[in-house]
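So that we are looking at the same thing, I have put the structure below in structure tokens.
Chain lettering (A, B and C) follows the sequence in which the chains are written, and residue indices restart at 1 in each chain.
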Amino acid sequence: MDILIYGTINSIALALMALGFALVYGISRIPNFAHGALYVISGFVTWTFLRALHVNYLLSILLAMIIIGAVGALIYQFILIRVRGMAISEIIASYAIGLAILEALRWGGFKGMTYTLPVFVEGSVTLSGIPVDFHRLLVVGIGGAVVAFLWLFTHYTRIGLALRGMAQDERAALMLGIDSDLMAVVAMALGSMLAGLSAVLLLPLGNIVVEAGYNVLILAIAVCIVGGLGSWMGAVLAAFLIGFAQILTVKYLGSHYQMVVALLAIIFTLILRPSGLFGQQKELEERV
Amino acid sequence: MENRQQRKERLDRGIKVRTEGLYGIMSLRELSYLTLPRLVLIVGILILPLVMPSMYWQRVISIVCIYSLLALSFDFLAHFVGLVSLGGAFFIGTGGYLAAILNTSFGLPPVLTIPISTLLGAVICTVLLLPCLPLRGVYFAIVTLMYPLVLTRIIEALNVLGGTDGIMGVASFANRWIEQYFVLVMVLVSMFGLRRLVNLDIGLVFRAVKDNDQAVKASGMNITYYKAIAVFIASAMGCLGGACLVHIYMWSGISQFALDFSILPIAATVIGGAGTLVGPVLGCFILVPISELLRAFGTLRIVFYCLILVGFIVFRSEGIMVYGQRKYHQFERWVEI
Amino acid sequence: MNDQPILEVQEATKSFGGIMAVNRVSLDVRGGEILGIIGPNGSGKTTLINCITGFIRMTSGKVLFRGRNITGKPAHKIADMGITRTFQIMRPYYSLPSYKNLVIPLFSPRARRTGGWRGGGKLGDRDTVGIDILEEIGFERDSFVPYKMASTLPTGYLKRLELARCLALKPEIIFCDEVFSGLSMSEIASMIPLIERLQMDGITLIMIEHRLRELFRVANRVMVLNFGEKVVEGSPEEVMADDKVKEVYFGSEEVEEVMSHA
């Protein structure tokens, strides 16, 4: 029973981390290696607003998300847009940006145990004999709401439909008058905001450390590969697969094997079914 | 208005031989156009340890050479095979740990550990990278990015292979000069060897895989096999560097999986001139001493490399070597209209 | 030409998530003949080739080469057996000169196995053999054309380079995907003797074409595809006269119109 509860919590957390990456890759086909960096930086921005500037918590979160969205959009607009289409340069550029941000934070002294964000609601509740923090329940709730919101957004609003159109076929979308550059900026902003949201939801459960950035990047990539690069629903499903797998290994093997699960998941997926669960990259198996 | 009266004219320097293959060489002067830069490079690199002021700087030269091996392998993989390797640290770490284990647990001297860990390390790296070779380029980048990060965490968490402390007490080279010159000679051999390799028939197959792998498949060749050969060569160079590093520092630890080793080769390649297989070495000679001078700033160095890297990529600067080659073969002058 | 079909395709089917690109197409080809495949755009011709040559996995169906089942084998193995193809969208190896483009197929296991272009034994210098092949196929040997970068070649030469790439493997079957498209009349006039010579050398050709007049001059048999299904198969004259084919190309209402005025 505890596996079910912890598994669900872990899976929703992974899904939150991964959706931002999946969104950006699905739409502009650029792997956003700066995803982990955006995650950590939004944590620090929130912390700055909250502790150093003593702004209301909710307001800090909103401001942080807006800022992070803007940062993501700027990164795309000024750097990534110039290297679109050149596969080698795209990868190197986004990797370098992510690395620059993370290492700048590390140099700036943001390490150690002193930076934390408070949980939203104190206290815990007991479900079937297992104590669960309120905050973790909130994570599940908000996470589920985010997934539902994304689904509604991409199916019923103009911008959302435009994003889906671009993800499926960029040229056709261009012919319908959808500005692909603008949509890519929107996607990047949205992806960054999702990274920020997952940060403010998950960071209160631990400390804000730069290492978390790398961990988040690894987990997000693992989830997206297993679910199929470019498929959002696949990412959610894969998050549940990996989430439960991790909880099972924690219970039966020990907690330091968590990252191994992510690595093995990637390797197995690439060997057995390279396009992932719902991958739209069917070209990997069938190409002209 | 005066600017319109003049126009820049670009002229060839009249060197008959600029591509591969020697045609009829007419004169000593043209021969020297070709051989002189290479001679200067070789002689310059070889006398470098002799002119260095102190032991500290001699060690810096060795480190430069190790980074050069990594940068050469990155350039080779990225611009001649089409695989972007974001994890040079993976190769260094594998070679380093293997050499350390062979030395401390099996008692083999450096003369043996280095060749064995080069070959064995290359085999291990190729096998670990095998799943992503049949797939598109971005998967290779992701997997090479991930391996150093995940391996670091595994070593830390499971506390194997010395855990966070690393493996101590690795033997060093027999002689200080051997230590210096071995890596230097290896770099020269690799550099000229790779330049030769990419013009051999098998090198052409690698370049074809980068250009159009469907056509290579349609010619009846297994792409995964050739990519694996290329990865083997590149990881052998990286593992060689790692083994030498471990014997120079007499210690092996998880810092070998550090990001320094992943990002500096990429920055060196982009700054030095991508695709030339000489540019990366040049880039290392520039970046590593700067990195040593900036050691006081800690990880800010990495930020520095990354920003320069992004600048070069975005503004599509061609790199020093490419610019230099272009200027060497052509010169510009103002002409009256 | 002997009687046993060299290539048999049985009920090949390929669906892309609901769209049947190829719908239960069967064909067989005798050794040494030229089969033409025609049909309007989108009728699944290129998809059929991709399925047969292993670039795309078929949803169902079988492919037999000389009686051996080769269904589902990877593309490079099928090319290794002697079934080669050209690509509709021409892409040579841009960074290499034209004759070096041929070094790659000459490096393949099949070329190394079947021996040199001039017959028997080692290949020797692949550069020389490459230039020989280019000369056979129509590049002027003494000009600078074989030495130019492949990115600078005009279409006529590119198409021939594609064919040369197949020939370097000493194939038994060549699938020609629209070799005549994009060429001028004189270029086609010089390609046709080349095709006829290939047939005389014993190579089986399967040609997808839109230029029907030129195709009908060389083809022994023609097959018509429409919406992924085989409509008709027979000699060029039979196919030209068939009503169903006219319907495919002109639409049924027009045929009725024409018929009603006849």
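As a convention for this text, a residue touches a chain if its C-beta (ideal position, glycine included) is under 8 Å from a C-beta of that chain, and two chains touch if they have at least 3 such contacts.
Since we're looking at a predicted model, the values are computed, not measured.
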Chain at the geometric heart of the assembly (C-alpha centres): B
Remotest chain, subunit C as reference, centres from CA atoms: A
Interchain centroid distance [CA atoms averaged], subunit A/subunit C, Å: 47
Rounded Å distance, subunit A centre to subunit B centre (Cα mean): 33
Distance from subunit C to subunit B - Cα centre to Cα centre, in angstrom: 43
For subunit C, residues contacting two or more additional chains: 55
Shared interface positions of subunit A, touching two or more other chains: 287-288
Contacts with two or more other chains, residues of subunit B listed in rising order: 214
For the subunit B and subunit A complex, residues of the former touching the latter: 78-79, 82, 84, 86, 131-132, 134-139, 141-143, 145-147, 149-150, 153-154, 157-158, 214, 259, 263, 266-267, 270, 297-300, 302-303, 305-307, 309-310, 313-314, 316
Interfacial residue positions of subunit B with respect to subunit C in the complex: 201-202, 204-205, 207-208, 211-212, 214-223
Touching residues on subunit C, where the partner in the complex is subunit B: 53, 55, 74-77, 79-80, 84-85, 87, 91-96, 100, 103-105, 107-111, 126, 165, 168-169
Complex contact set, residues of subunit A against subunit B: 31, 33, 78-79, 82-83, 87-89, 91-93, 95-97, 99-100, 103-104, 106-107, 214-215, 217-218, 221, 225, 229, 256-257, 259-260, 262-263, 266-267, 270-271, 274, 281, 283-284, 287-288
